[in-house]
């Protein structure tokens, strides 16, 4: 079980990284969501071995670690908030640059750098 | 097709909100809590946006003032967390304290955690609704003015 | 002053400010007064932090580990003081420089302040993460301030790269909990002393990388030049001056305090990374034309100095790391704010901060570099000492090349009285500490005293 | 306490002058000069009435530092020089600066700033010579560096003077950092930075050669000695008062002063002293040769300064008691000559020897006074300069004929270039120019008077020179200054030098062209060339690195994740841990869990192949829902519920975003995005493998007794049957408050990014 869980964590993480490394803003945002998901999975996976009742706990019965659950909840919420922010940022960025591609961002960046250098050169 | 969807969604709004309230109040005892409640309520409003459009959805006060509601929620949360220090307790002391008798009956217990969860609900509701509202607004203007 | 004071004040204030339109002058002043109050409250805690028992409380009075412990030792207090002061200065600058253009700017700065104070005060690994995220999210939202295409570009890069850092940090915290069974830092210290020596190496590595992203040292720094260059000057000052403190504080707190055994093993690595960042930052700063890019690379080199100091054996290196972080924070803020404008006032403030960054007396930066040099020589680590000397010379060259560019001669957008006062105050602080270094030296020495169980 | 009086007075000069300047521009110089003279008076008074003493004030006890000041021969001599020449230069600048500023097109008020800087420099110099602590020495040394940078770059509209300022800053700054490294080594070796203690302890335990070399490098950089000499000629771009002060009596003197102050440390280290000796001779020769051919007057003087401090360095290296005297005798001569050429530039507007001649007719007083200064520089009897060469020769005689010959040639060349300069200015065919303002000439006359006075009454010089030598060498001095009319080697050498100098001057037209060609050729391999080459290469390296540096967002992300991944893998590889990886049992109860996990993985893998954006978003939400299922099966219903709700909201938000984005842009991005690079795959592979192995390792070592179990016990007392709720709202409620603040902060970000105002982009 440990192996399977960690394999899935690794897989989700790898897919997330692969998406973040795309050259398109929406996919980058999707990638961060996957990465967040993988870390939440890791948190919950910590309680796989002893998972049991979470509600109406009785002493001595197996219990899913409530602290891990609350950590997972917090992580989900924070991830959600940040992703919402990222989505709006994607929208604004693509409007400002007229493109969804990250290379356009780089091009704009370089253009500015060259402009500054030219200006300073004189 | 279109004719019955908007009224239906309007009909669905109130039950959804009641479920959200239930999630909030039951949070202490069973699955639920402020966060799911807020998200649920937000989803219910989202449904309104999808079916009846932004202008109709904004008829509700809570929708128009979603962002300030989130602020109120944060004040509630921070207040519940830090008010007890005025009485000499450590921050995040909830009442009744351990050992103090519980108030309330049946499934519902009065506990400051409820206020806390209520704050949570408002904040999450505020976030969801505001983001939706802004997206909806943009969709409207985008069609008019273009990129 | 109870410990929760400096935490509560910005928090409530942030919540209140969230309602208000930050473009109004009185709202900005409210935020400024609130931050100043936070600063005062933090300063009020100084004697307590220096007493035998550092002030602390556990939320809800629950047993250790169940509740969250907040604790303010000397390290926390000095970092909180400097960071809040930097935030305050930046906020005042932005307000008097011509008005805040975004509704939420003051609220976000205050939230950033709350997050930073929380990060410095908490003694619970996951709570650290939450406050860290509070600071980061405020910074994410702030990064696009100005909302020009270049600002948005910077914000996007900043958010995506730092999200990776946050994920690494979250993973590390969870692994700490899974391995040690507790989130309370003091309990983790106790566990680490008893547990197997290599058990915490994995979370330690992840933490190093996570804080590496925040602090921006080689090879985690690649986001920094673009972001510092393209974000607004005030935002760059916030990011470089205040937010980067999380990185140095985190390395000190987790490395020195919580996991000294891991730090001891990581020393060679820190040395290498430090040397690489020092060289990389100093060399790249040389040929840059854009002043802010020069500053960005200079700050990479500063970050390298900090972790090279951490990599040294013995306490002197750690003291040097604290001093470098504190002085560097004020330096960078002053530099980023001063380079925004032309004219005589800006030139003066810039040159003071640049001298401080290069480690030229009488400035605060000199003492911090002197400390590093001292620690390196004490350990017989001559290559590092040589590197420090080299870095000083190169950063002097790079910073003053930027200083001499034509832009400064333009008188048009000179610093006026108000903005000048802010940058002057920062540079004056650098000079005063340079002339009377005792506060900085005390802070550096005492901040380390209570940490960990190093020999 | 009285020991501080001259220092405090010197420190007060600059602010006082500034205040006075605010009132009336012209008052600044007079106030400053008066202040400097009062400080000088206080110094002389205390020196004559009280003799040497020390003062220790508390400063930074954490490092065991205190402010230590001394009043001994060295500090007295150098402080007097700095104050005296400083006062004269400030007065001179009163006459010089208005004209200069008008030429530069700057407001006349900037004069006050200039004078303030000169006075601040003076104060820094006084501080430098009076402190008695290694760290303080460095602090004061860098103060002089900073102020000299501001002074040399005073004409900031002039690119040349900016470049010169930067060069001097970097060169003297870098060398002084090296000095600091040396000082720090010594401080650590002896456990104190207090100079008397260091010297006392060094008597038993000699300082390490490395530290001494570091100290020497700092001093050489300051004193513009080979190979750091080239900043000085360039610094001549500064206004003349700066050159005449900094580059005669103050800044360049600081380096040699340091060596004299630290002489007891150098005394046992003969190798270091031999090195200094060689550098001294080299600077002497190089400076003199360059001075023989240079055309701009100020450059002649700059090279002469390099050469003259080469002499002083030789004297220090030989441990001669005449070393302080040499500096003291040289400074007024050089200052007077600098002031002279400054006056000439102001009157004629010319800067080169080839452009002027015969000025003696128009400027007779200046010609006379500068003749005396020139005589002093070239060690003609009846000027105090004579004695500087006498002590120099006296130090060389015991070392043998080779040294004597070198000294002879050096002194001869000094005479030759001084004659060349003076004759070039005042001799030759007559040129008529307007008279110089009196205030420009008066300081030269005063200095010339002092030079003559020192030459006529050498007894006046003996006491301070002896006291300084005593302070330097730590033993009583027997220095004698008198004219001897006999055939002692010193006299013979002096006469020989005059003859040689006269010969060189007479035949100058014959050898000048050849010499300049040779020197030009030599400059191609010189230190300056090396410095420029180094800088150039560094710049190229910097540009090259910058071009190679990652600028793409993808690479910026990869540069975080790949090193982390590799580091993680490496850590797993090198740290021995028993049973690092456990496979873990899989029972029948786990089947649902495994299935849900398999769903999540399949959906995640499918996202990579998804072409359309909508499909992509749906697949992402599939991953989320599968994970929610996992949480549900893992008995974490709260997490599952929240996860479901979040995923739903999120999917809808994503869909909303897609609706916002222009259709064609989406399509274009979609078509172009489908070209993954090999290294992206590799990066993802490394990151994923590392994430897998690291989580495996972490999950294999779960702590059995986590805090979670305590919370279960406590939940009942906390009046909350749902333990997770209890943890969220009560035990770890602060986390939740923080988390909610994150949400509000994000909300603020969203509202400011997507404002309600219409038409805003």
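Letters A, B, C and D name the chains as they come in the text, with residue numbers starting at 1 for each one.
What we mean here is this: a residue touches a chain if its C-beta (ideal position, glycine included) is under 8 Å from a C-beta of that chain, and two chains touch if they have at least 3 such contacts.
Every value quoted in this text rests on a predicted model; they were computed, and no experiment measured them.
Simply put, of A-B and A-C, more C-beta pairs touch at A-C. Centroids built from CA atoms put chain D at 25 Å from chain C. Chain A and chain D have CA centres that are 45 Å apart. Shown for chain C are the residues in touch with two or more other chains, namely 11, 15, 18, 59-60, 67-68, 126, 130, 133, 137, 140-141, 144, 147, 156-157, 160, 164, 171, 174, 177-178, 183, 226. Shown for chain A are the residues in touch with two or more other chains, namely 20, 25, 28, 42, 46, 55, 67-68, 73-74, 77-78, 81-82, 84-85, 87-92, 95-96, 98, 105, 109. Residues of chain D found to touch two or more other chains are 551, 553, 557, 561, 637-638, 642, 646, 649, 653, 657, 660, 665, 691, 695, 698-699, 702, 706-707, 711, 714, 721-722, 726, 728, 730, 732-737, 739, 741-747, 749-751, 753-754. In terms of inter-chain touching, the protein chains here all touch one another pairwise. Chain D contributes residues 59-63, 65, 135, 138-139, 142-143, 145-146, 149, 153, 156-157, 162, 165-166, 169-170, 173-174, 177-178, 180-181, 184-185, 187-188, 535, 538-539, 541-543, 545-546, 549-551, 553, 555-557, 559-561, 563-564, 567-568, 571-572, 575-577, 691, 694-695, 697-699, 701-707, 710-711, 714, 730-735, 737-739, 741-742, 744-749, 751-753, 755 to its touches with chain C in the complex.
The residues of chain B lying in touch with chain D in their complex are 27-33, 35-36, 39-40, 42-43, 46, 50, 67, 70-71, 73-74, 77-78, 81, 91-92, 94, 96, 98-99, 102, 109, 111, 113, 116-117, 119-120, 123-124, 126-128, 130-132, 134-139, 141-142, 145, 147. Remark: chain C residues 126, 130, 133, 137, 140-141, 144, 147-150, 152-153, 155-157, 159-160, 163-164, 166-167, 170-171, 174, 177-178, 183, 226, 230, 289-290, 405-407 touch chain A in the complex. By the touch criterion stated above, chain C contacts chain B in their complex at residues 2, 4, 8, 11-12, 15-16, 18-19, 57-61, 67-68.
Looking at the complex, you find that chain A touches chain D at residues 1-28, 30, 33-34, 37-38, 40-42, 44-49, 51-57, 59, 63-70, 72-74, 76-78, 80-85, 87-92, 94-96, 98-103, 105-106, 109-110.
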